[in-house]
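Consider the two complexes below, in which chain A is the common component and chain B and chain C are the respective partners.
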Partner chain A sequence: MPAQFALDMALLDQHYRKLQAEVHPDRFAAASPGERMQSMQWATQANEAYRTLKHPTTRARYLLALHGVDTEEENNTAMPADFLMLQMEWRETVEEAYDERNIAALDASLKQMREQAQALEQKLVAILDQQQAWQEAAGIVRKLSFIDKIRADVEHKISKLEDE
Partner chain B sequence: MAYSDKVLDHYENPRNVGSLDKNDPSVGTGMVGAPACGDVMKLQIKVNEQGIIEDAKFKTYGCGSAIASSSLVTEWIKGKSLDQVMEIKNSDIAEELALPPVKIHCSVLAEDAIRAAVADLKAKQGTKDEHEQAA
Partner chain C sequence: MSTAPHQHRLAVGIDLGTTNSLVATVRSGLSTVLLDETGHALLPSVVHYTADNQIEVGYPAQLQQSQDPQNTIVSVKRFLGRGLNDIGDTSHLPYRFVESPGMVQIQTRAGIKSPVEVSAEILKTLKARAEQALGGELTGAVITVPAYFDDAQRQATKDAARLAGLNVLRLLNEPTAAAVAYGLDNASEGIYVIYDLGGGTFDISILRLAKGVFEVLATNGDSALGGDDFDRRIFCWILEQASLQPLSPADTRLLMTKAREAKEWLTEHASASITAVLSQGDIINLNLSQAEFHALSQQLINRTLNPIRKALRDAELSIEEIKGVVLVGGATRMPQVRKAVASFFGQAPLTNLDPDQVVALGAAIQANILAGNRSDDDLLLLDVIPLSLGLETMGGLVEKVIPRNSTLPIARAQDFTTFKDGQTAMSIHVLQGERELVTDCRSLGRFELRGIPPMAAGAARIRVTFQVDADGLLSVSAQEQTSGAHANIVVKPSYGLSEDQITHMLQTSFNSAEADKHARAVQEVRVDAARLLEAIDAALRQDGDKLLNTEEKAAITAEMENLRQLAQQDDSDAIQKAVDALNHATEAFAARRMDASVRQALAGQTLNTLEL
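Up next, the complex of A and B:
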């Protein structure tokens, strides 16, 4: 696989299945305990690698780590004000919609968030693969990290309302 | 996770929730966010002519510790000067609220919010001074 952000998902799936078949513990059922242990570790690593590469945020974070860049998601709190305002607005809208048990409104918010995330991911293709502007890319990963969190929260709220 | 009594108290009865007019020249607004947990915090301070913070409001979306941290700092900073509040450390907040290690970043967020609000106010008043000098 090329170490870049733009990803051919079919190619990733293909590599993953091939690798998974090679290291699957079932193939080592008759092997020595040491080899069985080794195959378990390989299989776990292959799963981890697949998960990391499949999701855009973790893929970008991993690529930045390869270039020695920390995305500082634990301690960099200085996000652009307009982005934080939007986060506040989203939180307010989601809270209201949830209180009103309005699943359609939650779905609409989710769609907005998905579009924002997709726009940022498009930007990352240019910034990571072409410009190699690592610090700028780290800022986008921090934004995506926010959007991932709120999307997961909205999805959780929707399924809670649907279950009731 | 078990919250300390102080966190619960601030979480259930948050002090100074709300907004101040961000266009008021005596109001400084600090907006910060923690990517790792998705928390967003807005802290606003209003200073009088002596440079003392006479009012503070906050709005926080996040976990109980983040809400408690911002609620606590609004209490702490009222009646203090800008220089005094710049001395507040996240460790003071974490200690007061007995935050566990995984929640320390909530107190970091609150400290950063104070700094951002003070910086915003100073930037506003700095430009105002320049206008006065120019006039």
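Up next, the complex of A and C:
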């Protein structure tokens, strides 16, 4: 597969399955313990690779790492003002919807976040694959990573409301 | 090794269910459920310890459950790998529970029994049935477990199989097994939901089926919700209607049986009459309509819908993307369940395979492949971990290490350090579940790390690796990084049965003299040796000349010869040592074989996107 952000996902699936078909522990049920251990390690790595390449945020982070760029998500929390505003709006809307136990509103927020993420991913295609503007890309990865976190939080809140 | 490579190996799939268990095998290319001598497919999962020191399993045991409830264990799967506080309300259960660390036990007239031992009795019966029907000793078995079973429940199932003398080829998730049976029959492609409501567990799995690959995208469920709960609703309704005083264990069991019969009757009838005479002479005579039963069970059905919503969200799928919904488990016969599923998904569920048998049939197909009877590589099962694994951190919080719905196998490493000068041991508390607080998750126990080289506080860097295998079982390994040397850190889990406990159970279950114990130990290690020799023989035949030079090959064959010699004798320790030596001698060969097959799979692709 080409080392680029725009990936043919069907091809990725196909390669992943082909690799797992070779290395998965179920292929080595009757093998020696040494081969079974090898198989588990390979299958573990194949899963890790697939997971990394499948999700846009981790794929972009990985590509940047290949070019020696650290996305610094832990310590670089500076965000452009407009994105900060958006964050605050989302937080408020989500808190409000949660207090009102309004699952439909939370779902609507999720949808917005998904759309915002997709727009950023579109940008990454140009910035990573064509312009190779690594630092700018790192900034987008930090945004995406933030959106991933808030999405997980909203999903968790929906689950909680459903369980009550 | 006597087994020729082309010889058909006897392998079975076992559905160890809460209420009923089954065993199936592939015969002449067709998966079939094996019947007992009276023609029954189902074995009621009931074990009775009789007054004359016998153990009855199945229908004869079921007949005793009202007369001898304290010594007749039903639905033991609910207790497997669970502590007393996990089980919840036990007031309707006639057993004398004994709290013990990790897993509850039950006092019977045959002594204190672990749910592992009780389950082993069911498995032994199925093993005997299979060996009788197939006319030989089994090579191995695939045992199914609810997808939502946690690590402790899975480990307990595996221990039970070992106690029953079964070689476990794989623990397979029940919905995945059902998908195999279903998918292969129908040559389906696309995204399918398996709705599996069994006797005591509920699972939902979303799978993508494509060209023989069964990829689980998400799973969810409730490992304490099933058909039994519907019985209990009717049971409580009876108590309420008849305003009964607290009941004796025998009366409780009798009314539970009446409740189950009423539930089954209502599947095809508009109303059920419930009549019984209790031990004190009270007469029960009630009539339950289908509509009343539906109202009674509405809340239980709603409890199955939330896990579906969660699984859909985790898989990032909407209801419209689901191509089909398959119903599994006897409890899905209830019309109100079918109606609720149909209305949730907006399509009629698929029911063309017997919901009681489909899990065992799928497990048998997988067992047949794992035993090496089928060489075509067109079936691959990719399953996920159902619940997140985490570690206890400061303030009683859980830090997630492996998120739920990660494809198995998976490994994650985490670094730890010491907080005292010269500290040589530490303990890691591992939990499973989705909640933030330690007290809200299931504690899998503490792993003790011993043998850390003494250093100043904070200087040691201990990398702990959490590996979850294809069976969903966790193992933990640790290594000190800074000392350079491979510090030998011993990791010991504090849950599940210890090796000593299993050995003890094996011995008592065979009630054997010293000589027999010895014979059994030799027998076990000989089986291991034979299996290893066969595996290496096959590997050498395939790749020996390609991947090994003459000396390397000679070194391996010398170890093999040594093991073959020792396996003829009766020294189990010596055989074990030779097994270990042969394993060690073939490590490099194993690595080269794997590299070769990976290169083949990736032929024509650049490796760099897969290297991490």
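Annotations
FYI, the second predicted complex is superposed on the first by the 164 of 164 C-alpha atoms of A that agree within 3 Å, B and C clash if a C-alpha of one lies under 4 Å from a C-alpha of the other, contacts with A are read in each partner's own complex, and residues count from 1 in each chain.
In this section, a residue touches a chain if its C-beta (ideal position, glycine included) is under 8 Å from a C-beta of that chain, and two chains touch if they have at least 3 such contacts.
The model shown is predicted, which means the values in this text are computed figures rather than measured ones.
Comparing chain C and chain B on the residues of chain A they touch gives the larger count to C. Of the two partner chains, neither chain B nor chain C is touched by A:Q112.
By the touch criterion defined above, A:A81 reaches chain B but does not reach chain C. Once the two complexes are overlaid on the shared chain, A:T93 sits clear of chain B and of chain C alike.
After overlaying the two complexes on the shared chain, residue contacts for A:E162 are found with chain C alone; chain B is out of touch.
Of the two partner chains placed around the shared chain by superposition, chain B is the only one that A:F146 touches, whereas chain C remains out of contact. Looking at the shared chain after the overlay, A:S32 reaches chain C, while chain B stays out of its contact range.
In the superposed pair of complexes, A:T58 makes contact with neither chain B nor chain C.
Looking at the shared chain after the overlay, A:N102 reaches neither chain B nor chain C. The intersection of chain A residues touching chain B with those touching chain C, taken from the two complexes, is empty. Residue ranges of chain C in contact with chain A, taken from their complex: 140, 169-170, 210-211, 213, 215, 306, 309-310, 313, 366, 369-372, 377, 380-382, 406-411, 434, 467, 469-470, 531-532, 534-536, 538-539, 582-583, 586-587, 589-591, 593-594, 597-598, 600-602, 605-606, 608-612.
Listing the residues of chain B that touch chain A in their complex gives 31-38, 40, 42, 59, 61, 105, 108-109, 112-113, 116.
Only residues 71, 73-79, 81, 83-85, 87-88, 91, 141-143, 145-146, 148-150, 153 of chain A touch chain B when the two sit together in their complex. Put simply, chain A touches chain C in their complex at residues 1-3, 13, 15, 17-27, 29-35, 37-53, 62, 66, 155, 158-159, 162-163.
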